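So the structure is just underneath, and the comments pick up after that.
The letters A, B, C, D, E and F name the chains in turn, as written, and every chain counts its residues from 1.
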Amino acid sequence: MPFVNIKITKEGATPEQKAQLIAGATQLLVDVLGKNPATTVVVIEEVETDNWGVGGESITFRRKAGR
Amino acid sequence: MPFVNIKITKEGATPEQKAQLIAGATQLLVDVLGKNPATTVVVIEEVETDNWGVGGESITFRRKAGR
Amino acid sequence: MPFVNIKITKEGATPEQKAQLIAGATQLLVDVLGKNPATTVVVIEEVETDNWGVGGESITFRRKAGR
Amino acid sequence: MPFVNIKITKEGATPEQKAQLIAGATQLLVDVLGKNPATTVVVIEEVETDNWGVGGESITFRRKAGR
Amino acid sequence: MPFVNIKITKEGATPEQKAQLIAGATQLLVDVLGKNPATTVVVIEEVETDNWGVGGESITFRRKAGR
Amino acid sequence: MPFVNIKITKEGATPEQKAQLIAGATQLLVDVLGKNPATTVVVIEEVETDNWGVGGESITFRRKAGR
C-alpha cells in the first residue's frame, strides 16, 4: 500500500519515461520492503520552472543564468 | 483547521462533483471530530493518467488494457 | 485509485474516529465519482500543535490565548 | 535541505511574485534555522478555484457570492 | 532537483532499508531523466497503521482480519 | 487561503523557532500576494534524519561522514 509522489520540473518528460518512473518506483518498494505492487501507487507531479526554486532562485532564472 | 488533499486522475470530474467532494469532506471532519468548517480546507488535485501508476503501470496503459 | 490525505492537529483523535474518517472519505469518493473503494487510499497525518499555524500563530499559542 | 510547498489558488500570480515567494521562503529558513539556501527547495502549486474549498464551498462559489 | 516522497506504514523498516529506498529512488531519477543526484531529495514518511486506510478500513483492522 | 507545508529534518527546532517560521511564512504570503493571514495555514513536518535523503544518502549517514 505504499504511496510514492515524485515531483519534477515540467521539462518534457515523455509518457515512456513516466512509465519507467512508475515501474521503477514500484519495483523498489517490492525489492526493499516486500510491498505488494498491486496496491503501490505512484503519482508524478510536473511543476512549471517558474514555480520551482532552489538556492532562492526559480529554475527559470537558473536555466537562463546557465546554472 | 484540518487540511484535506484529494488526488484523483483527471478524467472529467465536473465543478458540481468537485463541490460535492469539498462539501462532503468538510462535513466529515465536522461530524467525526467536531472541527470548525469555516477553517477546514479541501484541495483537489487532478493528475493526468500518464502520471498516475498502480501495479507498476500507468493508468493510461491500464485503461487501454481494459484493467 | 484516489488518494486522500487528511492533516489534523494531534489532539487525541481515537482509533475509532480515525476509522470513521477512513470509511467516510472512501465512501465520499465512491458516491461522488464512482471510484473503486478497494483501491482508495486514505492517510491521516497528525501534527503537533506547535507545528501548525493559522493567522500567523501556532495552535499551541492560540489554544492558550483562548482562540 | 528543507522543502517548502506553497499551495495557492490560481488567480494570476506573476513570475515576479513567484520569484519573491521562492526568495522569501528560502531566506526564512536561513534566518530562523540557519539552513543552507543552496539546498533549500521551494515548490509553488497553483490550484484552480473550482478545486479549492473552505467552509465547505469552492473558492469559485465564494468569489461569486462575494465572500 | 526532483523531490520524492515515499509514504509507507510504520511497521519496522530498518535504517538500512530506508537507505536502500533513498539510494534506489535517487538512482531511478538519474537513470530515467538524467537528473542530478546531488540535488535529488527523498523523504520517507512512516504512518501508523491506525492512520492508513484502504478499502475503507484501517490497516490495523485489515491486519487483524487477516487481509 | 494559502497552505504552506515546511518539511525539515528533526534536529531540535524549538517552539520559538517554529513560531517564527509560522509567522514569517504567513507574512510572506501577505506581503507578496496580499493574502488574508487569518486563513493562511502553515504546517511544519519534522522528519527523522534516517528518513531524509539527498545525493542518494540519508542525512544520518551524511552527518556522520561530515558532509
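Here, a contact is a pair of C-beta atoms (placed from the backbone, for glycine too) under 8 Å apart; a residue touches a chain by one contact, two chains touch by 3 or more.
Quantities reported herein were computed from a predicted structural model and do not represent experimental measurements.
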Determine the shortest chain-contact distance, in steps, between chain D and chain F.
1
Chain copies touching (chain A, chain D) - same or different residues, decided at half shared
different
Most remote chain relative to chain C, going by C-alpha centroids?
A
What is the distance in Å between the mean C-alpha positions of chain B and chain C?
14
Here the gap between chain C and chain E, centre to centre from mean Cα coordinates and rounded to Å, is 20
So which stretches of chain A touch two or more other chains?
1, 3, 7, 21, 25, 39, 41, 43, 45, 52, 54
In contact, pair by pair, are chains A-B, A-C, A-D, A-E, B-C, B-D, B-F, C-E, C-F, D-E, D-F, E-F
Within the complex, which stretch of chain F touches chain D?
1-9, 13, 17, 20-21, 24-25, 28-29, 31-33, 35, 39, 52, 54, 59
For chain D, which residues count as touching chain A in their complex?
15, 18-19, 21-23, 25-27, 37-46
For chain F, which residues are in contact with chain B within the complex?
1, 3, 39, 41, 43
Given the complex, residues on chain C that touch chain F span 7, 45, 47, 50-58, 60-61
